[in-house]
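What follows is chain A paired twice: with chain B in the first complex and chain C in the second.
Here is the complex of A and B:
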């Protein structure tokens, strides 16, 4: 923790896949209570960073801290990852997925899960394998949001889903469901959430090109996130 | 309920439907084996006694009385056991790979559970053991039912009723249903070690992918070599120097070391090297 502020700190993380170095010393922070967006074209290592934070892949060097401590099994009660693929068994009904989560996570909030179910207009009896792509994404997000965790990592939550589902998911960010949690999100659809994000980490070719607060850039330089992206990538 | 037990319950439920199918197929095949063998014997007896005018006593003398041994050695019975063994062997691999492969990304959820990842390893191993012991218990129960069916079809004068142990002592069933506690501990202990070594080899493959296949196979061979080392040294180097009991103790120790090694490496891989 820097100055006692709860946050996720990624320090000089490197990751190689075979001979290819995907992350070349990535460092950034994501504070609790803020939405941090990792931006970069496909294959720059955004998902790898998230998987590394959750200890779902090994890193070659560097350190990752959550509120000043390294990730342990207990950390999964305070940080969760919503990948762009469903993390439950396809044959399960949504209700079964709720039971599974309630069985294993102390931080599972059944009341919030039911609220989210209503929010996304889903039914507990629906089978995951029979859901549309948009509804599958919603269930995935629901399972993450219904945990009373401090940090949420969301990988491409808008990927490949229709505009209405995208709007519904974007609405989550302005609701009390996010409140003062720390969120790290990766997305290509920056237009959908530009007004919601607090901080941007621009990544290219395995390095952090720029890290900035959206409000600051908007007020001081009169630039949008896309303006900054254009500036940085055109260099 | 602690999370390890919850995981065991979860793993058990995931295979339960297929397991029930396996149990039903086994029951059908074995009962079919008893009926086919018993009726075949009686048909033969009828042909010989009434066709060739042989007395019952001579028939039994020449053709031997019917025992369950004949059923146990029949193809249907043999294949029912082989089917169970093959399904469980495949399941030892499938229990891990199904969480990664296809559209399924359940491995994300499993690795993000707020419990020691080693519990996944133990839960999967425990589920396999439960399935194995379930089938062993089923076999013992089936023997009683099959003997009853045999008694209905083959009259008492044509058969010899022996205790179950007599049918299992001198064939492949002696491995599945060992005759003594020592054999039971030895065979099933070796089974547990083999499952854990296989699990660790699978994790090596999952962690290092293509290179992992080589690591996994090498690791498996080293484990088998280490386990057999006392026997090999005694036979080929020391020319049967040790007493059997000494060899037995050394084998048990070697097995325990291989088991601890498999679990330790498995734990290390799950903690530090695993990838989704």
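Here is the complex of A and C:
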């Protein structure tokens, strides 16, 4: 931990799939209580980083620390990964998914789950297969947010859904439901969330091109996130 | 509360400005309770840390005050309130003067146009104000 601040630290991580080097020494930090956004124009790398943080895939070299310690089985009580598609069976009702999650995770917080359900205006009796794309995305995110974990990793929470659903999901980030947790989200679209995030990590071709706090760049350089992206990617 | 933020100025600065405008317009009264940081973030759809930063800035500028665990309030200090109003006026005047100067319009002519337009604009605004 740097200066005793709780955070996720990714240090010099490399990852090869066969001969293809997907991560070529990736380093960045994501503090608790902040929303860190991993942006990449080319798809490669972002999801792999999240999977590496979760130890879902082995890395070839480098280190990852969560609050100063390496990931162990116990860390799973601290962190969760929300993939870009729902992993529940389509025939389940939302309530069944809640029961499943409660059986599977000690950190399941039923009260928060119900609060989120109300926030998204959904009902426990609704069947997952009958939900719209936007509502499926909301349920998917809800299941992760309802866990009492310190860190949430979200893979493309805004992609492929309608604008109103995107807005509703974005609203969660400004609500009390996110509390003081640390969030890492990947996206290739920054427009909707520019005012919601604390920090940006720009990734391209397996390396970090730039890591910056958005308010700082606005204050010191008068630049928007897109201004910075244009500079960095057009080099 | 409905504010459009631009992407190039720090959001916290824009929030402080929004509060100053509301104070100058009299929408926020001296001593009036203001939303919590979390609530403000939610209403303005901004990052809670940014809302926190804006409140810290406003506290330092004496625009708001917080007693113990009570909700923050708009200052009752007349001096600060007058200063806010003057600051906003000066800012608008500076921008205006700067742009009329670049097109070399004599002051007398400008003042005449301003006087005429001010009345009209005021009238029009009365009908479109939301």
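Keep this in mind: the second predicted complex is superposed on the first by the 234 of 235 C-alpha atoms of A that agree within 3 Å, B and C clash if a C-alpha of one lies under 4 Å from a C-alpha of the other, contacts with A are read in each partner's own complex, and residues count from 1 in each chain.
Just so it is clear, contacts are C-beta pairs under 8 Å (C-beta built on N, C-alpha and C of every residue); 3 or more make two chains touch, one makes a residue touch a chain.
All values reported here derive from a predicted model rather than from experimental measurement.
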item: Superposition on chain A - do chain B and chain C clash or fit; value: fit
item: First, second, both or neither for A:58, with chain B first and chain C second; value: first
item: Which superposed partner A:90 touches (first chain B, second chain C, both, neither); value: first
item: Partner chain(s) touched by A:6 [first = chain B, second = chain C, both, neither]; value: neither
item: Cα-centre angle that chain B and chain C span when viewed from chain A, reported as a multiple of 10 degrees; value: 160
item: Partner chain in contact with A:224 - chain B first, chain C second, else both or neither; value: second
item: Which superposed partner A:73 touches (first chain B, second chain C, both, neither); value: first
item: Contacts of A:25 with chain B and chain C, given as first, second, both or neither; value: neither
item: Minimum distance between Cα atoms of chain B and chain C in the superposition (Å); value: 28
item: List of chain B residues in touch with chain A within their complex; value: 3, 6, 10, 14, 103-106, 108-109, 111-117, 207, 272-276
item: Complex contacts: residues of chain A adjacent to chain C; value: 33-35, 170-171, 173-176, 178, 194-198, 215, 218-219, 222-227
item: Residue ranges of chain A in contact with chain B within the complex; value: 51, 54-58, 73-77, 80-81, 83, 85-90, 100, 103-106
item: Of all residues in chain C, those that touch chain A in their complex; value: 5, 7-13, 38, 41-42, 44-50, 53
